[in-house]
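There are two complexes below, and they share chain A, which is joined by chain B in the first and by chain C in the second.
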Partner chain A sequence: MAERLGQIGKLLIGIWIAGIAIAMFLVIPQYEGLGNAGRIVIMHVPTAWVSVLAFAVSAVFSALYLWRGRPVYDHYALAAAESGFLFTALATVTGMIFSQVVWGIYWNWDPRQTSIFVLLLIYAALFALRSAIDQPARRRQLSAVYSLFAFVTVPFLIFVAPRIADSTLHPNCAFIQGSACDGVTLEVGKIGLLGDRKVQLLGLERQGDIITAAVKVSEPGLSSETILRPSYDLAAGDMVARPEFPGLRYQLGLEAVDLTANSALLNIEAPGTGLLENQRTLVTFLAAIIGFTALFVWLLTLRATLLDVQWALAQREGSRL
Partner chain B sequence: MSVRSEQPVAGPAVPALRTILVAAWAVFVKDLRTELRTRYALNAMVLFAACTAVMVSIGTTFIGLRRSEEALLIQASLLWVALLFAAITGLSRGFVHEEETRTLAALRLAAPPAAVYLGKFLLNLALLAVLGLITSVLFIILVRVQVGSPLAFLLMIAAGSLCLAAATTILAAIIARASFKSALFAVLAFPLLVPPLIIAIQGTAVSLDNAGLDPVRGALQFLVAYSVATFVTSLMLFRFVWEA
Partner chain C sequence: MNGALEAGTAIYVALAVALSVWIGIFIYLWRIDAQARALKRELERDRERQARDGASGVPRASVTRMSRAEGEPVEQ
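So, the complex of A and B:
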C-alpha cells in the first residue's frame, strides 16, 4: 500500500514539475522590459529556497544522529546535503544566467551571492571531510558535528548582509516596486549609490510643473559615464520620464523633489509592473515552490533508502567475512 | 552494529567547573611548553606572515598607494589574508600533534573533554596573539600601513583573532582524525570564516582612518557575538568529536 502511494506520489511530482515548466513559458505573461529572461525566476527562487531548506534538514538529522547514534539519521543527513548541493548549484547557475542577461554581470558579490557561495563551500567541505575519513562510525560522527557547527555560523551572514548591501542587485531593491529600496536623497552636486552605479545629481530644472533632473550615472569601475534626465510632475505627484540605465533593463526614477532644499529622491526601478502582482505569475510561483520542495523530499527519501540498503549490504558482507 | 553502548559515558557525571578549569590550564601549560620547545607552529605561522608581508611590500611600495578609502580597504584585506593563511598553517597543530605522537589516549584519560577543548583554545589564542602582533608590526613597517586609531585597530585584530580561534579549534580536532589533514583544515575553516572576515576587514579598514573607537563598535560587537556563538557550540559539540 505504502509502496503504491509512493509510486503515485512520484508520478504526481513528475507531472507537477512538467506542468510548472510549461506554465513558465505559456501561462505567465512576459515581464515588460525583462523579456523572456524573467521566466527563469520561477526556477531560480524555489531552488534557492530548497537549498537552504536542505541545509537545515541536514543539520536536524545530524543532531538526531549525535543524540541517538542511529546510522539511518546520518543517511538522511547525507542525502539532504547531497540533494541540497544539487539545488544550490542550480540556484547559482540560474541566478548567474539571469544576472548576466538583465544586469550584464555574472557575479558581483551581493549579499545573496555571498551567502549561496558560502553554502556551496560548506557542502563541498562536508563532502571533502566525509571522503577523508575511512571508518564509518567516525565519519558519521565528525561530519554530523561539522554540519551542526556550520549551521550555527550561517545566520551570521544575515548580519553581514547590510554591510555589503551597497552592491546588491537583488529583488528587494529593484524587482518589486515600492518595496524595501528607499533610494537616495541627493542635494544638487552630491554623489550617491544606486545598486552598483554611482549617481551624481547635477541639477534640477523646472518647466511649469515638470521638474527634470540631470543625473550623471557612472558604471562600476568608472568605465563610462552618461547623463540621464528623469523627470517628476509636481501637480500629479508622480514620475514622468524614467530613463533606463545604460546597458541595464532598470530605470532611474525621480521619486520626490524638494525645491527648497534643492534636493531630489532618486531610485532604481524595475520596469513595467510589479513581478508578483500578476495573479497567474503568483500561482505558478507558489506551485513551483511546492513542486521543488516535493522533489527535494522525494530525492531525500530515495537517496536515504539507497544509503540504508548499501549499509545493510556492507554489513552482511562484513558478517560473512 | 550498534556504534555506541547504551550506558552513559563512564567517569564522574559532571566534573565541577573548578576541576575543568584547572585541567584546562594544565593542558594549556603542557601545550605551551611543547610548543616553546619545538616552536613548530609559531615558526611556520610567523614565517608565513613575514613572507606575505614582504611580498606585499615589494608589490605595493613602488606604486606608493595614495591614502584613499580604497587603499585602506586594500591594506586591511592584505593584512587579513596574511593573518588568515598564517593562522591556518598553525592552528591545527595542537590536535594534529597529539594524533601524530599518539598521545590522544593519554590525554583522554587525563582530562575531561571540555578541559581539553579549553586548553587547546587558549593555546590557539596565545599563538594568534603573537601572530597578530608580529604581522601588524610587519605591515606597519614594510607596507607602510598608517594606523589612524591604534586602540580600535588593536581591538579589531584581537576580536578577529578571537573569532579565528573560536571557529577553528574544534575543526582542528575534527581534522586530526582524518587524512589530508592540513588541506582539509583550510577547506573546512574557510566557509565558516567568511562572515567574520568580511566584518574584520571592513572594521580594520575603518580603524586605519583616525576616527576613533565609535565607527568600529558595531564590527566589534559582531565579532564578539560570533566568537561567543562558535565557542559555546564548540564546547557542546566537542564531546562528540572527542568520542569519535
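So, the complex of A and C:
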C-alpha cells in the first residue's frame, strides 16, 4: 500500500513539474522590461531555495550519524549534499542565462555569483574528501564533521554576503518580498553607487510639478559616462521618466526629491521588480517551489536507497566500501 | 531555422525542448527507482532467508579464503 502511494506520488511529481514548465512558458505574462527572460525566475529561485533545504538536510543527517553512528544516516547525508550540489548548479546556470540577457555577460563576478561559486567549491571539496578516504567509518565520520562546518557557510554565502555587498546587480529587491533596494540619497554634485554604476547628481530642474534630475552614470571601470534624466511628479508623488542604464535593462528612478536640501533619492529599478505581484506568476512560482521540493525528496530517497543497496551488497561480498 | 525561432513560435519550441528534457529525466529516474527497489527487496528476502535458515538449524556451509603465502585464513 505504501509502495503504491509512493508510486502515485512520483507520478504526480512528473505531472506537476511538466505543468510548471507549461505554465512557465504559456500561462505567466511577460514582465515589462524583461520579455521572456523573466520566466526563468520560476526555475531559478526555487532551485536556489531547494539547494539550501538540501544542505540543511545533509547537515541534520550528518549530526545524526555522529550521534548514532548508523551508516544509513551517512547515506542520507551524502544523498542530500549531492542533491544540494545539483540544485545549486541549476540555480547557477539559470542565473547565468538571466545574467547574459540582463547584464550582457554570463559571468561578471557579481557578489552573488562569487558567493554561489564558493559554495559549489565547498561542497565539491566534501565529495573530494569522501573519495580520498578508503576506510568507511573514518570517511563517514570526517565527512559528517565537514558537512556540519560546510553548512555553517550556507546562510552566510546565500543570504548575507550578497546583501552586505554594496555593489551587486542581483535583484534581491525584485524577487524577495520584504527586502528593498534602498537607493542612494545625493545632494547636487555628490557621487554615489547604484549596483556597480557610479552615479553623480549634476542638477535638479523644475518645470511645474515635474522635477527632472540630471545624473551622470559611469560604467564599471569608468570606461564611459552617460547623462540620464529621470523625473518625478511632485503632485502625484510618483516617478515619471525612468531611463535605462546604457546596455542594461535596469532603470534609473528618481524616487524622492527634497528641494530645500537640493537632494534626491535615486534608485535602481531592477528588472523583475513587482514580478510576483501578478497572481498567475505568484501561483506558478509557489507551485515550482513545491514541485522542486518534492523532486528533491524523491532524489534524496532514491540516492540513499542506492547507497544502502551498494553497502549491503558490499557487506555480502565481504569487501569494504 | 528562422521560421522555428520567430517570436511567435520560439516560445513553443523552448517549451517543447524543456518538456522533452524533463520527460527524459523523469523516465530515467523512474527506471532507476524501480531497479533500486527491486534490488533492495531481493536483498531483504535474502537476509530473511539466511535468518530463517540459521534459526531452523539447517547445516550451513562456510568458505574460508586462505592466504597463499602464510596459509592462514584471511576472510570467512
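Worth a mention:
Note that in this section the second predicted complex is superposed on the first by the 287 of 321 C-alpha atoms of A that agree within 3 Å, B and C clash if a C-alpha of one lies under 4 Å from a C-alpha of the other, contacts with A are read in each partner's own complex, and residues count from 1 in each chain.
Note that in this section a contact is a pair of C-beta atoms (placed from the backbone, for glycine too) under 8 Å apart; a residue touches a chain by one contact, two chains touch by 3 or more.
Source: prediction; values computed, not measured.
Of the two partner chains, chain B is the only one touched by A:157; chain C is not.
In the superposed model, A:313 makes contact with chain C only, not with chain B. In the superposition on chain A, A:36 makes contact with chain C only, while chain B stays out of contact range. Of the two partner chains placed around the shared chain by superposition, chain B is the only one that A:146 touches, whereas chain C remains out of contact. Of the two partner chains, neither chain B nor chain C is touched by A:107.
Of the two partners chain B and chain C, it is B that touches the larger number of chain A residues. Common to the chain B and chain C contact sets on chain A is no residue at all.
Partner chain A is touched in their complex by these residues of chain C: 11-12, 14-15, 18-19, 22-23, 26, 29-30, 32-33, 36-37, 39-40, 43, 46, 75. If you check the complex, the residues on chain A that touch chain C are 3, 10, 14, 17-18, 21-22, 24-26, 36, 298-299, 302, 305-306, 308-309, 312-313, 316, 318. Chain A meets chain B in the complex at residues 66, 69, 71, 114, 118, 121-122, 124-125, 128-129, 132-134, 137-138, 140-142, 144-146, 148-150, 152-153, 156-157, 159-160, 163-164, 315.
Within the complex formed with chain A, the residues of chain B that make contact are 1-4, 167, 170-171, 174-175, 177-180, 184, 187-188, 190-192, 194-196, 198-199, 202, 222, 225-226, 229-230, 233-234, 237, 240-241, 243-244.
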